[in-house]
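Consider the two complexes below, in which subunit A is the common component and subunit B and subunit C are the respective partners.
Moving on to the complex of A and B:
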């Protein structure tokens, strides 16, 4: 039995009807979204807050609900969806199980782009300057990596390129923060390297939404050609898919989704690695079907991680990347271990 | 209101080996170096210009320093031992929170380094001015500054509104100041009730935005920031705070007025008292 057959067999064994999987994960996201609204630093009467907000009365519960908890839960959902989705997309595009925006350096270049725009006052120039800074940063890494991996680079090359990009972008981020005029900037490197959803406002939601939605659309539309690509580029071409356009679509979609996400929450690692891996067996290893479910799974993981940082008795609250790395890094290690065993 | 017992000003004076403290007229320092923004203010207010060798670069920054004019033509340092050693100072003033490595190095090099603490009450301020004035052999000028500050405080004391509106300070990165801080003393003097104390905040601590929103105050005191954007200061523009301002008066008190204990505290009390009187009318009487 070849490896592909074995994979197919395990895939089939765990496969869940696609419709039920999507609705199940959707329900999980909704439940965690509500939990995220309900959990915070203080018990707040959500019904009262909701009612007051509808009546336009800005009482304390209404303020907490509308200005703090709703943006936080919305951003958790949006950013988690973006990271899960792009993880699945990059793994499909690069045909590499370890591709993930954080590991291969897309998130850190996005953070660099956002840092330069934000701390040097460029975000005031026009409305979408901040997310676009992130997108440009993400685009640089995505194009670089694709140039490398498109020539059939192995897992090792990809990861090492990620190490190089991550340390370079990290160093330039530190440099930019050191040169920034505000004395607080230097200490905020933690935020950009580890990410957080604390104290965001609805403004951040509106800021990221347009570019992010375009990115999602580009990636979600590439499901069928991505499935065909598993049969090899030639076969995909013979089936009538434009492989060049597919690549462009995924690269642009990834840069738009990750870039705008990182611009408002900092880089949060491992979501795009863990989620697609857990869900892949459930969709019979089909990369096209993995996209939407990974997005939903990413949103669920992000919301759960963000609830946990508020429940844990650590103040000021932990950065989200701390939680996702505690889950994700051992996961990465076990993946590398398994890949090594297979070689 | 109960003031904490004056903690006093920690003064650790190290004499250069072999140089026992002599009579004051002999030991009047002529090459004074300050390594901290707060000691800059003390030195610039108390000592003659010709006796000051160097103050920190921050002393010239109008946004952070109350004595930028006095510092205009004084050479500056960045708190680095290499800059200070060649000046061969006969007195180095540092804050106890000034970077410890250069301070330790200067001490090892045999320099006379005096560490000063942060005042936490007006009594601390008086004591600090007296001690540093004595050290600089400028006792008279010290007493003059204290007397002026006290007469201003006494004048304001008579003006204090009887009902205290609630207030809280909210600085970058969620910082606020509670019991045991100079800022709390100033607020109380101005006739405000510091809600940070009720929230259990000690000398300083961080308050999440949710807690700010759930504990509406009459007066929200923020610092002034003109340094370009940072997440820590962007926080002060969060919509949850601007929505609060329907019920809450937002006041800007420049950090320089109460970062260091000195005569500038009077201006902080004065500004806040004006606000306290204005909002008092809206506070329901108990």
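Moving on to the complex of A and C:
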């Protein structure tokens, strides 16, 4: 296969009509959601569990479903959607296929924000303190990143900015662990940082949901200006878009969705890198159309990964963040290798 | 629609690039913006496109300010073709040309019949039909430029502002693009084009504006603007002259031997 053939294959041959793509991915998410409810360590009769829960009878199946499975599946969907969506948004804004909340340091500063809240005992003050800590952390990273790497920055600058932000956030998180008053707090923070959907309550879902929804809305509204940005900032502006507002909208949207996601599940990396990359050819490379599609793809990937973690015969259960990193990092290698070849 | 710019100043820090520049563009007119590197051509063009605020002065579009018109209407009426425009994702050619219709589209709506017709027209005019379904990574530099020009023409704006649209083209496509721009002007639109090629500027533009030394050094029909003295002052070069079919042309030949070249 020549290079042109390869480009053609990725650029066009796999394109799928937008409507079919969205509904197909939507159906996949629903199927995986149901599978996530059905699969677990105890065999549970879904119908019985739902019936009992609706009747207010707290039988074992009802409890497993409502306390364990539903929050887990919901969080998987929400967090996966957030990560896929923000990956696509950041890649569109920075016009770089390597932009991803984890790589560019947004996830780690969100984690730092949540750790700070946790560490200073602020999480007890009010319910939203932890997710808000994550949001503020993520916001700081996105603003820093934009300052460091700017618009349409080269791959090198972007990655270096990410390295700088990641190491600083890592250092401050380590500092918090270093100064932690007791070993119990340390192990709790460390385990949380590994990233997992297990054992989160329904309450945490309701806590982050509004923040995420606002974040999603901000990002999903920005399709046309993101398409226009393909031609550069000046041209996008000449087509009538306010690029400053777009930037603010995407930075705020990313901070809200990733910040709140990380505050609940810890950092789960690479979803935002892998998903937009795989789906981009299917939407004919249009950054605007990639948004919703990547969100759905992210939700599907997250649910699938979380199901496989439960099915793997490894105990204690592998943390989801560990699994996505083990799969995602080699993917990053190959992507960098290919970008290098193109440059 | 006309554009009138008055008392435009552009400063980078303490360096004044332009001071007190007056510029007008009438409908149906093709104006060439020429001048040496760093003379402020691109800055002036970006000000005309409302992409940059002038450090002094104002721009009127058909008598109204940009704020008056609003982003959307301005985008519908003034199209801008950026210098050496990069395309960041390898989209399909026709998808890219369709971006030019964005100013006309309502949220959540696809392309309508008028949009499709405008896209087809622009693709025909710019001769990009043969590779319409290729991706941007499969076209040459010259083809890419014609595609970008097609997306600017697809806006079907009253005014087209083009920054060095022929810099990367071979002679055939340079002539094609200049013909196309002149034809666009003949259709009653206003065209401002930044150029370095003095011969093509003289041949195709109705009027030239020569920027040098922080302002407009000369303005008017090509034959008066491109006199030896102006060219020596602005560029520091001497030219050879010729004529074909009654159209004069100039060709830069040697560096000026003596002073008179004001450095910008």
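Quick note on the criterion: the second predicted complex is superposed on the first by the 321 of 343 C-alpha atoms of A that agree within 3 Å, B and C clash if a C-alpha of one lies under 4 Å from a C-alpha of the other, contacts with A are read in each partner's own complex, and residues count from 1 in each chain.
Basically, contacts are C-beta pairs under 8 Å (C-beta built on N, C-alpha and C of every residue); 3 or more make two chains touch, one makes a residue touch a chain.
Every value quoted in this text rests on a predicted model; they were computed, and no experiment measured them.
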**OP:** Using the touch definition from the top, say if A:315 reaches subunit B (first), subunit C (second), both or neither.
**Re:** first
Original post:
Is A:333 in contact with subunit B, with subunit C, with both, or with neither (first, second, both, neither)?
Top reply: neither
**OP:** Check whether A:47 is in contact with subunit B, with subunit C, with both or with neither, and answer first, second, both or neither.
**Re:** neither
Original post:
Who wins on subunit A residues touched, subunit B or subunit C?
Top reply: B
Original post:
Between subunit B (first) and subunit C (second), which does A:206 come into contact with in this model arrangement: first, second, both, or neither?
Top reply: neither
Original post:
With the two structures laid over each other on chain A, which partner does A:14 touch: subunit B (first), subunit C (second), both, or neither?
Top reply: neither
Subject >> Which of subunit B and subunit C A:60 touches, first, second, both or neither >> reply: first
**OP:** Could you tell me which stretches of subunit A are touched by subunit B in one complex and by subunit C in the other?
**Re:** none
Original post:
Which part of subunit A faces subunit C closely enough to touch in the complex?
Top reply: 4, 7-8, 11-12, 95, 152, 224, 227-232, 234-235, 237-242, 280, 284-287
Original post:
In the complex of these two chains, what residues of subunit B are touching subunit A?
Top reply: 172-174, 206, 208-211, 213-216, 225, 227-233, 235, 238-240, 243-244, 246
Original post:
Tell me, which parts of subunit A touch subunit B in their complex?
Top reply: 40-42, 44, 58, 60-61, 63-64, 67-69, 118-121, 123, 180-185, 187-188, 191, 198-199, 201-203, 315-317
Subject >> subunit C residues within the subunit A interface of the complex >> reply: 46, 49, 51, 71-72, 74-76, 78-82, 85-92, 95-96, 99-100, 102-103, 105, 107, 133, 135, 137-138, 148, 151, 155
